[in-house]
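Below you'll find the structures, each written out as structure tokens.
One chain, subunit A, appears in both complexes that follow, with subunit B as partner in the first and subunit C in the second.
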Partner chain A sequence: MIKLIEKIEGEAKLNFSFKDEKIDFVTIEFMSTRNIENILKGKHALDALVINPRVCGICGHAHLIATVQALEDCYEDLKISNKAKIIRELTLNFELIQNHFKWFYLTLLPLFGHKQQVLKATYPSQLMAKAIALFGGQYPHTSYTIVGGVVCEPTEMDIIKLNHYIDETIRFFENNLVKTDSNSFLLSDKIDKFLEYEGDLITILQQIKEDDMLALGKSYDRFISFGENSYFKKAKSIKTKVNDSVSIEYVKESDIPSSFAKSVTFKENYYEVGPLARAMINKAALVKDSHRKYGDSIFSRILARVCETSQLLAHSKKLLERLDLSEPSYINPNVDISKINGSGTSAVEAARGSLIHKVELQNGIIQNYEIITPTQWNLSGGTKKKQGVSQKAMIGLSDTKTAELVFKTFDVCSVCTTH
Partner chain B sequence: MKMIKLLWLSGITCNANTHSFLNYPFIEQFLNDFEFIYHPVLDSSYTLQEIVSNEIECDVLLIEGSISPEFQRADVSIEDIIRKYAPKVQKIVTVGTCATFGGIFSQSDYKDVTGLHFDKEQKNQKFENLFDKTISISGCPIHPEILVNTLYAIKGDIALRLDNFLRPKEFYAYTVHNGCVRNEYFEYKVDAHQFGELEGCMFYDHGCQAPFTHASCNKILWNEVNSKTRVGLPCFGCTEPTFPKANLFTTKKNMGVPENLPLGVGKRVYLTLAGITKAFKIPRLEKKLLDD
Partner chain C sequence: MIESREALATMFSAKGSKVNTNRGAEYYDSLMKTMTKRLEELEKSPAATKTSIKSVLEAEGLTRRDFMKWASAACAALMLPSNFTPLIAKAAELMNRIPVIWIELQDCAGNSEAILRSDAPTIDELILETISLEFHETLMAAAGHQAETHLDEAMETFKGKYLCVVEGAIPLAMDGLYGTIGAKAETFKDHLLRVAKDSAAVVAVGTCATFGGVPAASPNPTGAVGVQDVVRGKAIINIPACPANPANITGTILHFVLSGQIPELDHLNRPKFAFGYRIHDNCERRAHFDAGEFVEEWGDQGAQNNFCLYKMGCKGPMTYNNCSIVRYNSGTNWPIGAGHGCIGCSEPQFWDKYAQERPMSDTHFKAPGGGVEKTVDEFGLGILTVAGIGIGIHAAASVIAGNKEGDK
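After this line comes the complex of A and B, so read on.
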């Protein structure tokens, strides 16, 4: 039975096979690709900074940051100011936050029988877009960070404005998602106690409990994350055992015959990426407690994504305190990119998980470009014997409606997958 | 007043127009005045599957993304979906540069990728019968206010004056240069721009296309707060049929003169003006803006 899954930044087809009235196997098909990697070939390296955000309208900023870091990795000795690094991290955080709000209020609520809450999605995400625009000029599709730093020179007044955007977003979170002050929320470490709060997140989590859905959506309990910054770590977590010896060289992409998307593995295994993976690696107390009780189920996955929103808001405030405006925003690279021969790799944590870019340059011209997106990790299509993460999470369910719910808890991004 | 029914149809796209639209500040008001029979993110009256397999009543067809005869949505050719709905609607709006001119994805692997009426500057014959009912809102992505206010103009039966590419002149008669806070550095040809500074104009060395790009980015600010050129990022000409050009961070020059000059300014006029302005020395523009 084939079901068209809509409103996932495009569509995908899930082809379910049933055995004894339970889902026995499911294939995931993406029906198109734009082949941006091909578009990049032969282009001037810096043009990738303009082209790559156009991979995706909802998480294009992650593609910008991944691009600049991949290009910078082609240099042997490139200086970037701390200020530029912090600004890049901030704007990427803001994009993650706006994605999470949109996912919760536009994608998730209808899956639980509620109406979409458009204003609750757009109000905080517009604030976060404004915060990006302070540095980047606009959102979506800025190219404000370039090899050597960032193009903007923020002033104290910009920072005051920025603090207002962040504070207002925090206030929104506290008034809607979990009705408590963020400090107590961030200190929560017991899921049962946490459920005593009120708020839109709590409503959904309670509904999962009441509707007996706590065991839904479990997969391999195997997580990975490659992006590193002041908040995220590069590591993997097998159940709760965290190990930081992961290297991108073991990441492998392979074709799926029935789909335009490609599978991706680490040392031949499928891993879950995204907020739940990051929380497990960061040992976020509340998510860990939920995981201890309910495993890598939709409950933990939803909780992790919403918790990350609050954590990133709080962390962004801390990052801002470290921002020294007297440092240079941009340091002119000592070698012009048109003289660069070499290759570069980057990994950043995008809203849905690890995003990897690889570039090869010859005299500053792109010879080859590879993009591995987060949704590829989670939606990799395996065989019956070796299923992908989201495939496994859907096996054993008795209806396709529930399967769609499980599928969408991975916050699927079709346009990224079909880059 | 009657609720206007909108169909938001996606071609080959990154969805940024969809998300830029969600940045419209008064979205609730908008959703009270318009009904989406289909939208790629927002709840709508019908599913995509229903849209492609039935004929649903609709007033305005919005097309996002470039068009190729090969491209399908829900297993139906995008061109067939357009052919089904376009004759019935009152207006068609091409949302973004891809839908208008082909844009970035005209370089994708699909066959014959174009905008609805234009293949870059070239006019297409394919949908010529729809030309008179189309309005183009170019931009990569569109500015939400420009799209929304155009839709309100359609709703209110306001006749919009359009340019040769069917873009409302009220938004596209301006250039991105109008309202840029770096204008003076341009006017007096202070050409020492460095990235990461409040000062300087990116036109002379860093590829800024603002003086010859039709758009209102510095008149109607982005996200209500800023613009690319204000922060120090060159304009890449994303509202124009030629987007994206190559070598976007470099100004192409012949014998020291930029290849593309401000709209309507000939080379001789430019050189004469440059000669005069070079004779000025304006201390205010030579030093850092905020220094004593």
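After this line comes the complex of A and C, so read on.
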């Protein structure tokens, strides 16, 4: 049975096979591609900074940061100022935050029989988009980051505005998702006690409990994250055991027949990426308690994504305090990019998980470019013997509607995947 | 120096380079009559959705005053005299009479994203709650097979009346196999032709849908083209830029509601109200250009003082769009405001010809000239070459001038 999955920012085709009235296997196909990696070949290195954000209109900013870091990695000894580092991290945080809001109100609510709440999705995401625009000029598709730093020169006035946008988004979160002040929310460490609050998130989590869906969506309980900054760590977590010896060199892509997407593995194994993975690696107390009780189910996955929104808002406030406007925005790399021969790799945490970029340059011209997107990790298509993360989570379910719910808790973005 | 100044002065006062914003009382009186009649007819027709602007405003706690403020801004954006404001307000109230079918092809969903955080205080409500968005994959409740049925129904019910909004390019290589949609794996080309066939007009939103955009960048591996290369015999309105400015999308739809016609277009089928000026003409850093004050290197004194970005590869002088006036994200900022030059994202083939950070005068690329109609648009591409050279002279001269001062 073929089911089309939409409202994932694009379209994917899920082909279910049933045995004894249970889903026995499912293949996931993406039906379009733009072949951006081929477009990049032969182009000037700096062109990638303009083309790559356009890989995805949803998480294009993550692509911009990944691109600039990959290009900077081609240099031997390149310095960027603390200011530029913080600004890049802030704008990336804002992109994650607005994605999470949109996912919750546009994608998730209808799956639980509620009306899609367009205005609740757009209000906080507009604020966060404005926050990005203050530094980046516009959102989506900014190109304000360059090799050596950023081009913007924010003023105190901009910082006042920015604080307002963040505060207003926090206020929205506190009035809608979990009705309590963020401090006590961030200190919550017991999931049962947490469910005594009110709010849109609590409604959904209660519904999962009441409708007996707590066991849904479990997969390998194996998580990985490659992006590093002042908040996220590079590590993997097998169940709750965190190990930080992960290297991108063990990441491999392989073709999937009949789909334009590629599978991706770490040391030949499939891993889950995204907010749940990051929370497990960061040992976020509330998510860990949920995981202890309900495992890597849809319950924990939904909780982790919403918790991350609040955590990133609070962390952004802290980052902003550390921002010193008197530092330079840009430090000249001293070597012109047209003299650069070498390769670079980068990883950043995008809304849906780790995004990896790899570039090879010869005299500043792109010889090869490889993009591995978060959704590729979660939706890697395996065989019956060796299933991908979301495949495993869907197998054994009795109907495709539930399967769609499980599938979408991974927050799928087909646009990225079909680069 | 003086010669280049004169060349610039001639260029900016060229007859073709003006959008006619005052067409005389007679013209506007007759336009007013046509529009009033059109709106009266629309009012009689059944609403495509039950949501009305009034209920949306009330639900959101917005006052009539907020709404009228928006209407007068929209009136100015469409380059109409202010006495059209009540008509604009009425048109917005009647937006639910015009069904919109929004399809996504080879895209990044960036334009949908942009419109989700659309412009002005009440536009969100206008767009999302009162325009009858009959079909939009990301925004509608139905999905999968149900959505396909929904699309067929919408096309049948509103035959000949709906606006077909297209986001994304159409890959033609390999018989279109680089992009298919639905359970039957319909190619994007067939899908577009089917939806466009019974539409009142086709609105291509974003540079991918208008000119092929990033998928069409060299070597164009999927054979991507824009809507106008595929759809024939239909009115096509192009709203390029990456992403297209939501204000221009709303403006176009509003114009259609108002007049039942598509707005006045240039030679690239772009509405003149939005694409009648170059970025450069209304740039906030223009004074620095005229004064010969340029950013010479990222992070320098010039960058810190918001000097002109031309030498850093800004394509503002070659790019037709209203970003410098409308800006992005509810007017928060725009690329030049953030200190990055314009990349020319609303021009055809900008990925290969414009996007580089290198100044135009340093590249081998020459803007195409000739073969353009002799109207307002002769100014279009023909003069671009001159602009490039003229500005090149000016920029070079400023370096010499600067050096001389240094010598003293």
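As a working rule, the second predicted complex is superposed on the first by the 419 of 419 C-alpha atoms of A that agree within 3 Å, B and C clash if a C-alpha of one lies under 4 Å from a C-alpha of the other, contacts with A are read in each partner's own complex, and residues count from 1 in each chain.
FYI, a residue touches a chain if its C-beta (ideal position, glycine included) is under 8 Å from a C-beta of that chain, and two chains touch if they have at least 3 such contacts.
All figures in this text were calculated on a predicted structure; none of them were measured in a lab.
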Should subunit B and subunit C be called a clash or a fit once both complexes are overlaid on subunit A?
clash
Kindly classify A:Cys56 by the partners it touches after superposition: subunit B alone (first), subunit C alone (second), both, or neither?
both
According to the stated criteria, A:Thr155 is in contact with first (subunit B), second (subunit C), both, or neither; which is it?
first
Does subunit B (first) or subunit C (second) touch A:Asn38, or do both, or does neither?
both
Which subunit A residues contact subunit B in one complex and subunit C in the other?
4, 6-7, 9-11, 31-36, 38-39, 43-44, 46-47, 49-51, 54-58, 60, 102, 106, 110, 115-116, 118-119, 121-122, 125-126, 129-130, 132-144, 146, 148-149, 151-153, 328-330, 332, 415
So in the complex, which bits of subunit C are touching subunit A?
60, 104-114, 116-118, 124-125, 128-129, 137-141, 143-145, 147-148, 169, 171, 178-183, 185, 188, 213-215, 217-222, 224, 242-243, 297-299, 303-304, 306, 327-330, 332-340, 343, 345, 351, 355-358
Per the touch rule above, subunit A residues touching subunit B in the complex are 4, 6-7, 9-11, 31-36, 38-39, 43-44, 46-47, 49-51, 54-58, 60, 84, 102, 106, 110, 115-116, 118-119, 121-122, 125-126, 129-130, 132-144, 146, 148-153, 155, 161, 328-330, 332, 415
Subunit C contact footprint on subunit A (complex, rising order)
2-7, 9-11, 13, 31-36, 38-39, 42-44, 46-47, 49-51, 54-58, 60, 102, 106, 110, 115-116, 118-119, 121-122, 125-126, 129-130, 132-144, 146, 148-149, 151-153, 260, 328-332, 404, 415
Residues of subunit B defined as touching subunit A within the complex
10, 12-20, 22-25, 27-28, 31, 40-43, 47-49, 71-75, 104-105, 107-110, 140-141, 194-198, 217, 222-233, 236, 238, 244, 246-250, 290
